[in-house]
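Please find one structure pasted underneath; my questions will follow.
Should a chain be cited, it is by its letter among A, B, C and D, assigned in written order, with residues numbered from 1 in that chain.
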């Protein structure tokens, strides 16, 4: 194993060791995210906090080693250090060092900056690229229906404000507040903190919900569909490669819009 | 630039300036909607209110200028003034003038009439036409399933009223009140203001929900599907124009029912 | 107009008057349902109650007239009187008569029996037949996934009972009570009357929800799909009749299973 | 009827008696599950408890008989006794015996172990196999989108924690607690125990919900689709067997990805 092997191994593209190293690193990143989440739990026993700190030191060592190895293996170390992934690698370590300094430990945001580690998950996998491609394909549609959904929410908020403001001046205090009601209602989450109580407000809610739910569902449906397709296209290229060489092009253009049939 | 260019520029159809003007006007309308929403916020500092008022005066100037320009550019000014868009343009300005008169500022509804501006968003874009076409295509289906959904809601409301009225006479006080429960439950919003507590009411809810959710979901599915199709058809016409000239008709008729595959 | 015309007119199948009479009767039935719902509203002013009573008497007259006309027009009056629709027509009138008797007015259930009128909506339209056909087509699938969904709900209920019973003995008091939680959670209604509070219960809920929602969604998806298809098939037969005579059969068999492609 | 017929009869594969016996056994298992659920109800009258106990003794007798018959009919009894289904059959009886011993009756978990009986439902039907096949087909996709969904939930939890922790230190006390909010919100259950109250938290929730709901919906959509397909493929093989012998292969490959069209 020589110097030129280091980057492929760490990137997970090396033939012999790549896969194993990539999985190990991704697992460490996910464990790190779980550990950072657990640290914020106030009811955690002190002993557990100690173990979490030890785990953090271990991670710090591993990620520092990775950073140094990448610097050492890079043809132009400075260029790597200033590249996007180089900065991500650095940000992965720096806040951790700060975290170990007692007087900085209280700064909550600082501790959470370590979560920049999650970005590293996207280097070895190509999931982020797929996601980006899927979104790019439907960018135009998403914008049109995003704006339409925004309008539906706005109109619903203004309407409920007119109906409920007088009856519940504290709850439906303003249009932005009513927008929060519209968000909770049209996503069907329905937290229950803002509920129409006037007859008019309830009738309005009924109509606006039944008409609006179909419209608001469109952007989510576009995203879901685009992601399902992106995955299918990749899966098909793997499985069916050159099965029906002649028809492939036509088939692909058909697949391009899944729920939209062809 | 001469007089005949004014209308195309304002409509966003002018070759050179149309796009820019249309985007600017749409942006102003959306900012205006946000400003109107913020005005209702009671916790807003006085300084912010002053800025919102200044922004409103600026908008008033721009929309008045637009109205006058359109009047000036129209071949028959009176006809424009009495047309739908002419009245919308007028209503965009009038309430704002009233809003600046101190004694009328308190009339909440008057201030919100300015939101008629949102309609102007639909002049330059053709989104409203698409929406109208999409709804027209499925009008018949929507009515059939709309009535069916209404019946399901009504039957669920009567049922829960029979089960819960005695146990919770204040909550499930009448069938219209129980209908409000049915709306919140079948849209899966579930505000939590009305909750069955009797064993019978809960068993009834379980059955009626599991059977009814599939039926109630149909109208929303029809709307979502119709909108996705409308967008796809337009997208296809742009992208694939005359790719498969012979099959186009057959393909279109197939596309007519999106989620129904091919 | 002679005696043999009466039944077709009332059924809405008569060429000249059928449509108008059918629409009028259906409208009356829906208005009657709305009136019956409003009667239960305790806050309704006395004057309104009087008008509702008058409307009820009017309906009583119309439905009695319909019943008598049908009896008179039937070839074998007794057979009609004992048929399903004959009994429905009778039940439409009888409780109303009881309703007008002062001492019976308090019997709530009696008053609601008048809602049997809603059944009459299904005589002139063929909506019920379509619904029945749609359900028949997917009966087998529905049963398999209905049982599977029931199992998922049951397992979720037992699990949450084990996790939460000790922490909240009043809320999660038994497995049937926990089933109510499972119903509210898996339909995503989320009333908020039963909420897991233990760490174990929450982790369990997270896993069981993410795995189970996809399974529980299947029966509703089957119903929605079947109804969309039933409508499409009818719509196609009306619109495209003999457009592509040769391909029709193949196309139909393909369309038969919408989300299931072909 | 001789010894070799016993196993097929109990498994439900016997030509003459199989179906009836299988249905009876499945019914008994479901009734047993309902009985076990009812036992936990504290408000149940004592007489009902007695009847449930008697029913349990009856079941115990039937399942013991089944176990003994299977042991007797097996070619190699020990092998059956140590096989998966042999152990399931044993576990079906043992806890019931314990349940009848007065001093063990209080052990709740012990009583619920009897629910292992539900597993027996999967022996005669092939539902479990279908489920397993459906999941196997989409295992890869599920993992990719499961991890993506997990990331979305985690990022949403960290974000809401930063926005709401200071305003509601008791509710959004830690990141794991915020994750519980994210689970309830992104499944759209919305229990309403944790609700953002700061303006920042609400704006963040709005954006993260509208972007995230489309992504989180993907795993559930994959499961629903896979199950619908699995059922359709089986249904088609039964109904359309050799209808279009030549096209079958092409058709099947098309069906392989339902919502993904072809």
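One rule holds for everything that comes next: a residue touches a chain if its C-beta (ideal position, glycine included) is under 8 Å from a C-beta of that chain, and two chains touch if they have at least 3 such contacts.
Worth saying up front: this structure is predicted, and the values here are computed from it rather than measured.
Undergrad: Keeping to the contact definition above, tell me which chains border both chain A and chain C.
TA: Chains in contact with chain A as well as chain C: B, D.
Undergrad: Would you mind working out whether chain A and chain D touch using mostly the same residue numbers, over half shared, or mostly different ones?
TA: At the contact between chain A and chain D, which are copies of one sequence, the residues are largely different (under half shared).
Undergrad: Rotating chain B so that its CA atoms sit on those of chain C: what angle is that, to a multiple of 5 degrees?
TA: An angle of 90 degrees brings one copy onto the other.
Undergrad: In angstrom, rounded to a whole number, how far apart do the mean CA points of chain A and chain B lie?
TA: That pair's centroid distance is 29 Å.
Undergrad: For chain A, write out the residues touching at least two other chains, lowest number first.
TA: 176, 179, 184, 188-190, 192, 221-222, 225, 254, 257, 259-262, in rising order.
Undergrad: Taking the complex as given, what residues does chain B use to touch chain D?
TA: 188-190, 192, 259, 261-262
Undergrad: Going by the contact rule set out above, which residues of chain C touch chain D in the complex?
TA: 140-141, 144-145, 147-148, 151, 154-155, 157-158, 161-162, 165, 173-177, 179, 184-185, 188-190, 192, 195, 199, 202, 205-206, 209-211, 213-215, 217-218, 221-222, 225, 257, 259-262
Undergrad: Which part of chain D faces chain C closely enough to touch in the complex?
TA: 33, 36-38, 40-42, 108-109, 112, 115, 118, 121, 127, 131, 146, 149, 176, 179-180, 183-184, 187-193, 219-225, 227-229, 231-232, 235, 251, 254-255, 257-262
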